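These are the structures, in structure tokens.
Two complexes come next, and they have one chain in common, chain A, joined by chain B in the first and chain C in the second.
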Partner chain A sequence: MKKYWAIFKISWQRQLTYRLNLLMGRLRNIIVLLLLYYVWLSLTLTSGKFSSYSQIELFTYVFGANLLRSVIFGSQSRQTASEINDGTFSIYLLRPLNHFGAVFARELAERSLYLFFAVIETLVLAFLLGVKFAAPAPATLSPIILCVLLSLCLYFVLSYLVSMLAFWTREADGPRFLFEWLLEFSSGAYFPLDILRGLIFTALSCLPFFYLIYFPLSIYLGKIAHGRIWLGLGIETAWLALSLWLIYVVWRRGLKKFTGEGI
Partner chain B sequence: MRKYFRVWLQLSKCAIGSYLSNRLDAVTYLIGKLVRFAFFFLFLWTIFNYTDRLASYGRYEALFFFLTFNLIDVFAQAFLRGSYMLKIDIRTGWFDHAIAKPVNTLFWSLARLTDILDILFLLPIIGLLVYVGMKLPIMITLANIVLYLLLLATGLVIVVALHIITIALTVLVFESENFIWLYRESMTIGRLPPEIYSVGIRFVFTYLMPIIIIIAYPVKALLGRLTAIGFLTALIFMLVFFFGALAFWRISLKHYSSASS
Partner chain C sequence: MPIIEVKNLSKTYEYYKKEPGFIQSLKGLFRREKLYAQAVSEINFSIEEGELVGFLGPNGAGKTTTLKMLSGILHPSGGEARVLGYVPWKRQAAYQKQFALIMGQKNQLWWDLPAMESFILNKEIYEIPDAEFGKNLDELVDLLGVREILSVPVRKLSLGQRMKCELIAALLHKPRVLFLDEPTIGLDVVAQKNIRDFIKRYNREKKTTIILTSHYMEDIKELCERVIIIDHSRILYDGKLAELINKYAAHKQLTVTFNDHGVSREQVERFGELAEFSPYKIVIRVERSKAKDAAAAILASELPVDDILIDEVEIDEVVRRIFKNTR
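The block that comes next holds the complex of A and B.
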């Protein structure tokens, strides 16, 4: 465990070395947040509501999604594909550490840092814009925390799985690009998915991405009945277990294909 | 001019060859771009299932803003993709070769990679622009169309200037890969009519980072909502940004230290 803690600390230092890049990255986040805030402000200005959401609920969703994106959507697992393609992956095979664990430690370091900045951004912007948030029911707090932790793991595992495509092809960037945009929208990172209604919403609810952003925020906003919360968490856990099993299978087969090209 | 067209054509042929040899990447990138476009389009379409106005604009007017944003954004990505490669060129020392080539370094840095996928992607965007344009609830005159095209060209020149500024910053401050992404994210402000934003935000994205001039002014001209002052502002901004960016590029080149060579 000590070696993964060391990777965590080194990753923090690496992130903080390129401070200007970090700042620019956060500025990009703020622009997206402002865009979404003003869209919903404009749409709720006269009636105070949109679809089944009040203005306060929509603002809570937008700012909450900003926080969750920072916690859940990481970038470290993306590097696995380039590590496999350029041969640096071989270094991990020679060291007494688990590649999955090492990348997850890097991911946690990045996520904790980004969460810190996202909390500050959210509080400052909420104060400047005079935004009020909805409060969750006390009984939903533990399912929300559990759901966010599961979402963090599920995103990482899915993203790692897609990166492992690099064992078979040098062209893993395109599939990753497609995966990321499918995930961004299907997770509800930009808007509450239930405004889509009908068949599209039903189709999206069958995907694992549904549980990443939309589901925890819906629990927070009290949009999901208590019994269905635990059912949803069960389905999310099943997706996580299935993805972990797939990683196990793909890893074993992928290693047989790995040629160490680029060493 | 002919020489540069021939160089660009040759570079584009190389890019086509690269895309054809990486078919999985090319196809999935193209599908990814279409998915991104389709989702935003769907979102905007869905909004109008609940309301008939977004900041005084109807469904097709709002869609026209969105499509014009896509047209300009994708056009820049198609033809100015080289600017995304400059950081790697500097890190690997390749930029020294670019400086030594018998072509303009700025041209090379901006246009060394043509994104063929984005050129393909421009076709459905232009088709949808024409379709949505015909659905607009106002009478479009020839003068409106000419003004739209003129301001579109003005906007594109400003976009080129912004790309020049980002690559000049990359030469000056190596730790700058997020500058181009900051520009890209700022462009998304233009996805929707500017009236939805506060006065302060509109000021920033009109006069400091002129995204509203680039995207919203042409659409407003087409809809007959742009004043003569707006038109003049766009022209002045185009000149200031373009010549300012060129001057900044020259300064950055003078400070290039060739540290990686």
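The block that comes next holds the complex of A and C.
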């Protein structure tokens, strides 16, 4: 375990080496957040609500999604594809080190840093804009925390799985693009998914992305009945278990295909 | 008992045919032809503990592929290999803690951070006890003379300094087997010599088994008593470097210098194949068995001979000829 903690620490140091990159990344987040804030503000200006959401609930959703994006959507698992293609992956195979564990440690380091900045951004912007947030029911706090942790793991595992396509093709960017597009739309990163209703909402609820942003925020806003919270967490765990099993299978096959190009 | 044993080891790469041009690229979207490239073909060798063996071969001969299989990066297409009793591609931690692979063309240190950070990370990865880490690090840092650059980000180091740090990172856990893939590539002659001297000393003192690949014959001549020559995925020669000349160099070289009057080309052509010519110095190639007779004939001739030397053909030349003959 100490080796992964060491990777966590060294990854932190590396992130802080590129301060401008970090700041630009955060600036992008602030712009997206402001954009969404003004869109929802204009849509709720007259009636004070949109669909089944009050203005306060929508603002809570938008600011909450900003926080969750920073915690959940990492970039380290994405880099695995280029590591496989440029040979950096080989360095991990040489050492008594689990690549999946090492990348996860890097991801946690990046996410913890981004969460720190996201909390500051959210609080400062909320103060400047005079935004008020809805409060969660105390009983939902533990399921929310559990759900966020599961979402962090689920996103990482799904993204790592997509990156492993690089074992078979140098063109892992195409599937990655599709993945990102599906993810942004169907995770609820920009709007609460139940606004869509009907068949589209049902279809989206069948995807694992549904549980990444929309589900924890819906628990927070009290939009999900208590019994269904635990059912949802069970389904999310099942998605995680299935993805981990797929990684195990793909990893074993992929390694036999790996040609160690780039070294 | 050999520390490295390789039996009928083979590796075939699969790839798709790619015709040049836009139209062909479009066609490739619908139909692609799969091709196979034999990188290593049923090679056999064994290496004893403490040996320093040179792997020689032109680009694409199969040297690096062999090292990749022995270090567990690649699964072979066929055959067997055992290093320290382990099957490398099973990648057991017990094996990984006992070997290291250094690649001259691939950086294994954290690029944006000082090398010291990578050393500390390796300490944790290889689970090296604190006292042992401190002792090994001090020893290696002093041997390679890099104490003053340990806190400089790796990206700011020269190639020679970086390679020294790569060596330290790879040797901190005291590997029993070391694979060195082109460790001196791109280095200037001084840096090349420093790295060579270090490898020689390390092998002598620690009895580490080393396989070295290099394009620089100086590396091989200086370090390796035994060489394995590989080309077109097959082993062409496995034996002592010195015996390579006897086996493959059918000729010896006579270097003759002349005094002030000099000679003409016509006067010396009859003694053998002229490799170099100037009126005051010639180099001629003659069959090994006829070298003494040719030297005697030159001395007995009317030519104004000042000095005569009978040499073996340079090892570089022998290796070049071996590769040329197999093409």
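Everything that follows uses one rule, which is that the second predicted complex is superposed on the first by the 263 of 263 C-alpha atoms of A that agree within 3 Å, B and C clash if a C-alpha of one lies under 4 Å from a C-alpha of the other, contacts with A are read in each partner's own complex, and residues count from 1 in each chain.
FYI, a contact is a pair of C-beta atoms (placed from the backbone, for glycine too) under 8 Å apart; a residue touches a chain by one contact, two chains touch by 3 or more.
Everything numeric here is computed off the predicted structure, so don't read it as measured data.
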Next on the checklist: Touch test for A:E171: chain B only (first), chain C only (second), both, or neither?
Outcome noted: first
Next on the checklist: Contacts for A:L255 in the overlay, against chain B (first) and chain C (second): which applies, first, second, both or neither?
Outcome noted: second
Checklist entry - After lining up the shared chain so the two structures overlap, which partner does A:P136 touch, if you call chain B first and chain C second: first, second, both or neither? => result neither
Next on the checklist: Touch test for A:L93: chain B only (first), chain C only (second), both, or neither?
Outcome noted: second
Checklist entry - Now for A:R14: first (chain B), second (chain C), both, or neither, which partner does it touch? => result second
Next on the checklist: Per the contact definition in the header, classify A:K2: touching chain B only (first), chain C only (second), both, or neither.
Outcome noted: second
Item to check | Between chain B and chain C, more extensive residue contact with chain A | outcome: B
Checklist entry - chain A residues touched by both chain B and chain C? => result 18
Next on the checklist: Which stretch or stretches of chain A touch chain B in the complex?
Outcome noted: 18, 20-21, 24-25, 27-28, 31-32, 34-35, 38-39, 41-43, 50-51, 169-171, 173-175, 177-178, 180-182, 185, 190-191, 195-196, 200
Item to check | Partner chain C, residues of chain A touching it in the complex | outcome: 2-3, 5-7, 10, 13-14, 17-18, 87-88, 90-91, 93-97, 255-256, 258-260, 262-263
Checklist outcome for this item: In their shared complex, chain A is touched by residues of chain C numbered 13, 64, 68, 71-75, 91, 93, 96-97, 100-101, 103, 105-106, 108, 110, 112-113, 117-118, 120-121, 123-127, 153, 181
Item to check | Residue numbers on chain B that touch chain A, as the complex places them | outcome: 22-29, 31-32, 35-36, 39, 42-43, 46-47, 50-51, 54-55, 173, 175-179, 181-182, 185-186, 188-189, 191-192, 195-198, 201
